[in-house]
Amino acid sequence: MIRLAEELWPLNRSLSGEGTRESLRILKRELSELEIKIFESGSQVFDWVVPPEWNCYEAYILSPDGTKICDFSNNNLHLVGYSEPIEASVTLAELQEHLFSLPEQPNAIPYVTSYYKRAWGFCLAEQDRRLLVEGEYKVIIRSEFSNSGLDYGELVIPGISDREVFFSTYLCHPSMANNELSGPVLAVQLAKHLQKMDNFYTYRFIFIPETIGSIAYMASNLSDMKKNMLAGFVLTCLGDERAYSYIPSRKGGTIADLAALSTFQELGISPILYGWQDRGSDERQYCSPGADLPVCSVTRSKYGTYPEYHTSLDTLGEVVTIDGLQGSFDFYLALISKLETQRFPRMTVVGEPQLGKRGLYPNTSLKGAYADVRPVMDFISMLDGTIETEDAIKKSGVDKAHGHAFLNRLIEEELVEN
Amino acid sequence: MIRLAEELWPLNRSLSGEGTRESLRILKRELSELEIKIFESGSQVFDWVVPPEWNCYEAYILSPDGTKICDFSNNNLHLVGYSEPIEASVTLAELQEHLFSLPEQPNAIPYVTSYYKRAWGFCLAEQDRRLLVEGEYKVIIRSEFSNSGLDYGELVIPGISDREVFFSTYLCHPSMANNELSGPVLAVQLAKHLQKMDNFYTYRFIFIPETIGSIAYMASNLSDMKKNMLAGFVLTCLGDERAYSYIPSRKGGTIADLAALSTFQELGISPILYGWQDRGSDERQYCSPGADLPVCSVTRSKYGTYPEYHTSLDTLGEVVTIDGLQGSFDFYLALISKLETQRFPRMTVVGEPQLGKRGLYPNTSLKGAYADVRPVMDFISMLDGTIETEDAIKKSGVDKAHGHAFLNRLIEEELVEN
Amino acid sequence: MIRLAEELWPLNRSLSGEGTRESLRILKRELSELEIKIFESGSQVFDWVVPPEWNCYEAYILSPDGTKICDFSNNNLHLVGYSEPIEASVTLAELQEHLFSLPEQPNAIPYVTSYYKRAWGFCLAEQDRRLLVEGEYKVIIRSEFSNSGLDYGELVIPGISDREVFFSTYLCHPSMANNELSGPVLAVQLAKHLQKMDNFYTYRFIFIPETIGSIAYMASNLSDMKKNMLAGFVLTCLGDERAYSYIPSRKGGTIADLAALSTFQELGISPILYGWQDRGSDERQYCSPGADLPVCSVTRSKYGTYPEYHTSLDTLGEVVTIDGLQGSFDFYLALISKLETQRFPRMTVVGEPQLGKRGLYPNTSLKGAYADVRPVMDFISMLDGTIETEDAIKKSGVDKAHGHAFLNRLIEEELVEN
């Protein structure tokens, strides 16, 4: 995961553009079945319009003494994301209006974007900004907008069931580690793992730009998502080792929420339990009124809560560590393992199925012959789509292994859908 | 209000007829946007048939000694409403079968009608009835039925929202003050007041005949009423100063009920709290199974509970007072003021709206830039149509004024509907 | 009931065939309006296929010494139901694989069937089986399958209401008394009784083969059953006098469950209260997910719980007694009496009905004239289909007899449906 993060690190990612495409190509090298798709610029998606593609080839400022500063080729964060092209001479006072720094973190270059309003700007460390002298500054930004669209990646790992466990992560943040290379590299690692497994559920991973991506994705897929999504998770801020955090779905109590909370319990981890008001990533869209998908998020230190957040200090090594990523991987693996054993099955026929013709029920009746099949008959009589399999097993008293084997057979026969 | 009541007082109103039309014309003089409409005689409205129009030009009894008694031109109440025409000589015994008086209230002329069964009759004070002597009485009723219909008035005062606060009152009772001139004159006063205001909600007033009017009105408008009605109130018995009364909707707990009860609390008034079994006016129809509209009623002394009810003693001055009407006006004004600040808003788009393009969200991202918008984002994330705005404001922690301004902006943008 | 049971006893009933048809003819002699219908062989009914008709004309085994044993003409139970035809000589060892007996009940011939898998077999008492000697046995089964179908009987006793009380019982068990001649003979007796009564509800009795019959019946009738069924009961094991038993519907709390439990209470009977996991007859189908009909079962000693169950020991006299059947009859009669006084009425019109034109409301209004009609108006204002009539009567304070008379009138007028 760390190596992949290091490789992705220098690319200039944003909502769109060559750096994003190159990042998706690297992900596709890792996950050959990843499909690279596009949200077309100008599309209306609910209340939003998909913005144009943006690329930047060169960006820097020449100081009065000719020194090159805020060089985009040194650090992507020096340039405000989606800056419009410019080549101009400006005074220091004029320049200041286009500079961003963080007085409280004098050594950090902040991460700034202006996706939806044409503007230009540079970001630099407060300590460097203080050194700027009066004089004429030459500003060069060779950026370009084009009506292509926003590239994104989608990977489906089919399982036995059409019901899906959904992972959404985002690639749009350049040159920051925890937020956000940790989500994509964890997603790759989880996907690689799942591809090697025989899964019951279908797994869907999307690598999208944050906010506009989840909205555009829902605009095309909401009815399928409502039908098929068993549980969904926003993967973000998964690389540090300082904490675990849980951000619930809007109403709480979904299969995703219950899976996350019970996994913490199983692993003996006490996470920081945030509320819906602490949300900040794409659960904002997935859980919005009208969508109300079963999506929550488990992170390490949550976005906005650690000092390096959204600055050049959010680095591999300093913030993101091998142990941090590994802890997240272990958590989601445990959660997946748990979900893989859980079902909310539903009979597809009215009345009992004819189990005898399938060898699942005594064909020759004789008093007492049914004692063996009694518990499984009790078990399947509960399967109305409202009860989790393990609960139905407990309540019916069926042997657990037998219950599961029986259930799988009924699914094969299309008498039950999970 | 008192002056309007005095002007309406002498007109012979009933379910229909010239007196009702003249009353509606007077109301239209006060409220020029009042529309005068008609329920056509003979129409089937749910289980009912709209009766014919009725007019009476002259009605009295000539005593054996030639004295004119029970003269309709002296008091409308002397004639049973919807009396059929007659010109006949009858004995006292025969006459007695057509006379109505109240032994317990010997000086009161009772109010009697026979809308749905052809009959004739006169009403008089018990003390006068006792003076009647044997002999031949001449009975004259020059009344007329015609297949026109029942006139009614409807006034819509459009607000920003299509959701409606509904007021229903009735004009069919002649020459009685509390029940029922108080409702119509209060309705006129409330409507005049609301016409001068910039209202959020749409207000609808209907001046209909009781029972048949509300049934006929629902027969034409029920689906719109179900869609648009936020809260409704039956305006009746609003002129005396003896008490305040609350009659709930059938199931209680509607926005109308909650608004009425919280207005009482706000004003420090302890009303008589009646139950559904104490209902008696058009809430009987509006809350019937199958309609179940959010309609309740706040009155002063409730119909049926004060001695002058449905008699000639229910007069302006004796029962209805300036203070009585003013108290009702103040109550409903307070209730309207309260409702005007209440909303049950609902997002119209899936996902968060794109607030940046509307100047409601920072276009340039920078760490910490969202702290200001955080509470309003929490606020709008709750707007699923099930929570009252003030509750959502409290729970989100947004500044109240800011929350309201923001909400109004979202409504303008059609991102929220109230 | 006992005499009818004695008459039905010797017939070879199974899912189908001449013995079943003959039994249905006998029932039709008792209940001339019984309709005899057929589920056609080969029809797909939900997950099942209706099996062929089966008849057997002769079946026995010739011992090495020429003695005829397991003679079907002596006791139907000697032959496994749906045995395929065979005429063969077999060794004792070969024969043993086709013999069924009960070591724990050495004097009982067990009841065995093989409806859905072609096989043949004989049943005999364990004590007789032990006497079998080595040698050549001649096996004769002259049975026949034909693509006719499964005959069943259906009787509808129309009441005032289209809502139905449903009784389901089964004829497929030959030569056993409690399970199952007690259900059919009780059903006949209940039906005869109900035919003599003026019933409010419609009563439907079906005499079907167990399991496949209820599934096939639902396959054709489920939407009507969902619409019309007020309460349903599976009639089985109703003839012994050892106990009363209650087997609930899957979710409990239906009108059927409440009627059964309150009837026990009324009669001062403490039944054995089984759970859903103890079910075993056609409630398995009627209550399955997707059907969820309001069906429960009240039995005497429940199937599977008494020693003679599914053996030749389940006889008239030994197990089924006159007192046992009478107790069941009395129970269901009390339950029917209770249901007959219960309604869950619903107004069919919006608004109050126009009662005046029907003579149910004063046509001439006069103060105080409505006092008499007030309670009935309260009563009908509750009739939204969610409240039982007696509850509505209590809550409205209407006089009970008056309330019922009034309700019946409204039903006649089609203003209320029950």
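Letters are used for the chains, namely A, B and C, taken in the order the chains are written, and counting of residues starts over at 1 for each.
As a convention for this text, a residue touches a chain if its C-beta (ideal position, glycine included) is under 8 Å from a C-beta of that chain, and two chains touch if they have at least 3 such contacts.
For clarity, every value in this text was computed on a predicted model and none was experimentally measured.
Visitor: Given that subunit A is a copy of subunit C, what angle of rotation, in degrees and a multiple of 5, matches their CA positions?
Guide: 120
Visitor: Pick same or different for copies subunit A and subunit B, depending on whether their interface residues overlap by over half.
Guide: different
Visitor: Averaging only over C-alpha atoms, locate the centres of subunit A and subunit B and give their separation in whole Å.
Guide: 56
Visitor: If I count partner chains per residue in subunit A, which residues reach a count of at least 2?
Guide: Expected reply: no residues.
Visitor: Which positions of subunit C touch subunit A when the two form their complex?
Guide: 46-49, 80-81, 100, 102, 110-117, 119, 121, 211, 214-215, 218-219, 222, 250, 276-277, 279, 284-285, 287-291, 309-311
Visitor: With touch defined as at the start, can you tell me which subunit C residues reach subunit B in the complex?
Guide: Touch list, subunit C to subunit B: 346-347, 349-354, 356-357, 363-367, 374, 377-378, 381-385, 396-397, 415.
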